[in-house]
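Okay, so subunit A shows up in both of these, paired with subunit B first and subunit C after.
Here is the complex of A and B:
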């Protein structure tokens, strides 16, 4: 089966974007991957050996966390495993910083809009 | 300081995306090629914001959608080089939330401030460092380059969006 390596982890997998492994289960595939490229291990797993919270692993189009057998799910040669770090965020600086930045970045806003901006709670 | 080189139609399109979704945050992925001093962005893919509980100040891309985006990048000979999102009525600066939720080391995070519905400042921040423990944001220079590609081809339609 093929394991697809995300951009941030390629430096720890000899620059490869995909690695072929021969394993019977999802966990076996990840074990083989990290045995071949030991530097990947700390990026994928915690010190206790659990998959890091922000690391998603998909067997084909299924999140392994929602598969009945999770990482013990059997895999076959034609399957793919995608490692995908999560992506999220959003604007939430402190109100004081926001007021300062907002007024300096958008000085042309009307006084009414500035007041509205300051009053909003982000 | 690293440089984010981005095709003009892509640059224009991600800023327009922020205007389309205002007052909610937009988000998407940047596809490109690596260079010694930064990424060269050739395409972007719109993503659905799964944070329907707080779309004005939060964004999240469903990991299943990321799998599809990465598949599309591979098919075009590109890599996911980073992500973009908007800050409606908020500066184009990374927030504590942006930093805490950033895990794509070596990738660029582009933020566009959208003021009263109009795209204002666009900034890019490289997530530098080698681990979660030493990661940091470093502001990048944005260089917009001309391309012959049509703008409509540079920002693909959103893929399937899933609720978190």
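Here is the complex of A and C:
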């Protein structure tokens, strides 16, 4: 089956927009995916192994949360799995918001710059 | 079929309007009645940026009678690659003024209402209540959840669009029976995990694609025609030009629109999105070192306290900006402990708070009992206490 990788997660999947896996269930497919691309795991699952609340997974066009067997649902070769994380962009990013996100995303930036970002009120 | 509530008494079309909207009037799905509905309709565009540009331009062209815009930003050169309502000459102007001018020039029949503010829990219900349809074209999670919750609480449909790089999402939320944004995503991602457009980039055309989908949905909601995206999530992949559609279900346990809502008024969305400003640092302790904020330090200085302020930067930095502390560069501190009074509280600062934290920890290990670090250092002082102090 094919798993569609959304744009924000492609950097963690070697840039691929789709990955083919052989699995019997939804969770098996996600396991195979995250074994191949271990960096994806923390973006998809919490430390407890639960799918993150801002990531939805669709088997074909159906949200797996609403499937009777959820992630234990059987899949076949012709099925597709779509990972759909929330995206917020409308792209009139204010500098303040922008610097905040930038700085929180790149904690390696100098603490001075991080501080500057945080010190602003928005 | 989800529709917006428009007044029963529809305004007449003028002769000018009959000419302007003639291509609508001959469309059976619009016709004169539909055009009068558009004239009566009030739509609020949240954000006059990438999505808001095509959205508001097309809604104005289509004859939506009242068009509200919420924005507090100014036009930046980097906006022009996609925010087509603004021109090069508008750089530095308020987006609201720039956008309103274009919309009024396009269609003087449209009443443009400018809301020069950052939408917040304090003003959202008051602003949204006067509109029939809300079109959310914002750029951040706190506002997304705020707009969603306000739409649910007020019973207003939300024509939603969101973009990232080459990818977009569109839907219609908060119709009478349809799902809301929280049904789709109960919680936002932690800050930083999902990059913004400013970090990740965005194809300039993409907000055009998605904003026009939002405009289309808005018009359909007003006309009460066709099948809107309520209950469906449209995914736009511009790179492969693939449009996919996923089913959206109303979550019976949704905290806002579910059967037993727990969110019955607007909340603190910054906090909800993990973006609450850092707690006051007066009581904060880092690695055993209490942290003092610059405002607290200023208060103590002004209160006349006799403080030992140790500045551990380099002499050239001290020359650029200082707050009168005793200068001992960090590398000289171990040799110059004799100059630092063991019986006093030592307040250590540097440029940003890192070197001073390290030295504070060193002093503590060297037997100083009261050592405090100035959080944010002299940069924070410049930002929060004394703007005349140069930043470097």
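Here is the rule we use: the second predicted complex is superposed on the first by the 86 of 122 C-alpha atoms of A that agree within 3 Å, B and C clash if a C-alpha of one lies under 4 Å from a C-alpha of the other, contacts with A are read in each partner's own complex, and residues count from 1 in each chain.
Basically, a residue touches a chain if its C-beta (ideal position, glycine included) is under 8 Å from a C-beta of that chain, and two chains touch if they have at least 3 such contacts.
Source: prediction; values computed, not measured.
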* Looking at the overlay, does A:66 come into contact with subunit B only (first), subunit C only (second), both, or neither? -> second
* Where on subunit A do subunit B and subunit C both make contact? -> 6-8, 17, 43, 52, 54, 56, 58, 61, 63, 82, 84-93, 98, 101-102, 105, 120, 122
* To do: Going by the contact rule at the top, pick out the subunit A residues touching subunit B in the complex.
  => 4, 6-8, 11, 17, 42-43, 52, 54-56, 58, 61, 63, 82, 84-93, 98, 101-102, 105-106, 109, 113, 117, 120, 122
* Would you pull the subunit B residues touching subunit A in the complex into a rising list? => 25, 27, 29, 51, 54, 57-61, 63-64, 66-67, 70, 74, 79-81, 83, 85, 87-99, 101-107, 109, 113, 115-116, 120-121, 131-132
* subunit C - residues contacting subunit A, complex -> 47-52, 71-73, 76, 79, 82-83, 95, 118, 136-141, 144, 161-167, 169, 184-189, 191-200, 202, 207, 233, 235, 237, 239-240, 244-249, 275, 277-278, 351-354, 375-377, 379-380, 383-384
* **In the complex with subunit C, residue positions of subunit A that touch it** => 6-8, 17, 43, 52-54, 56, 58, 61-63, 66, 82, 84-95, 97-98, 100-102, 104-105, 110-112, 115-116, 118-122
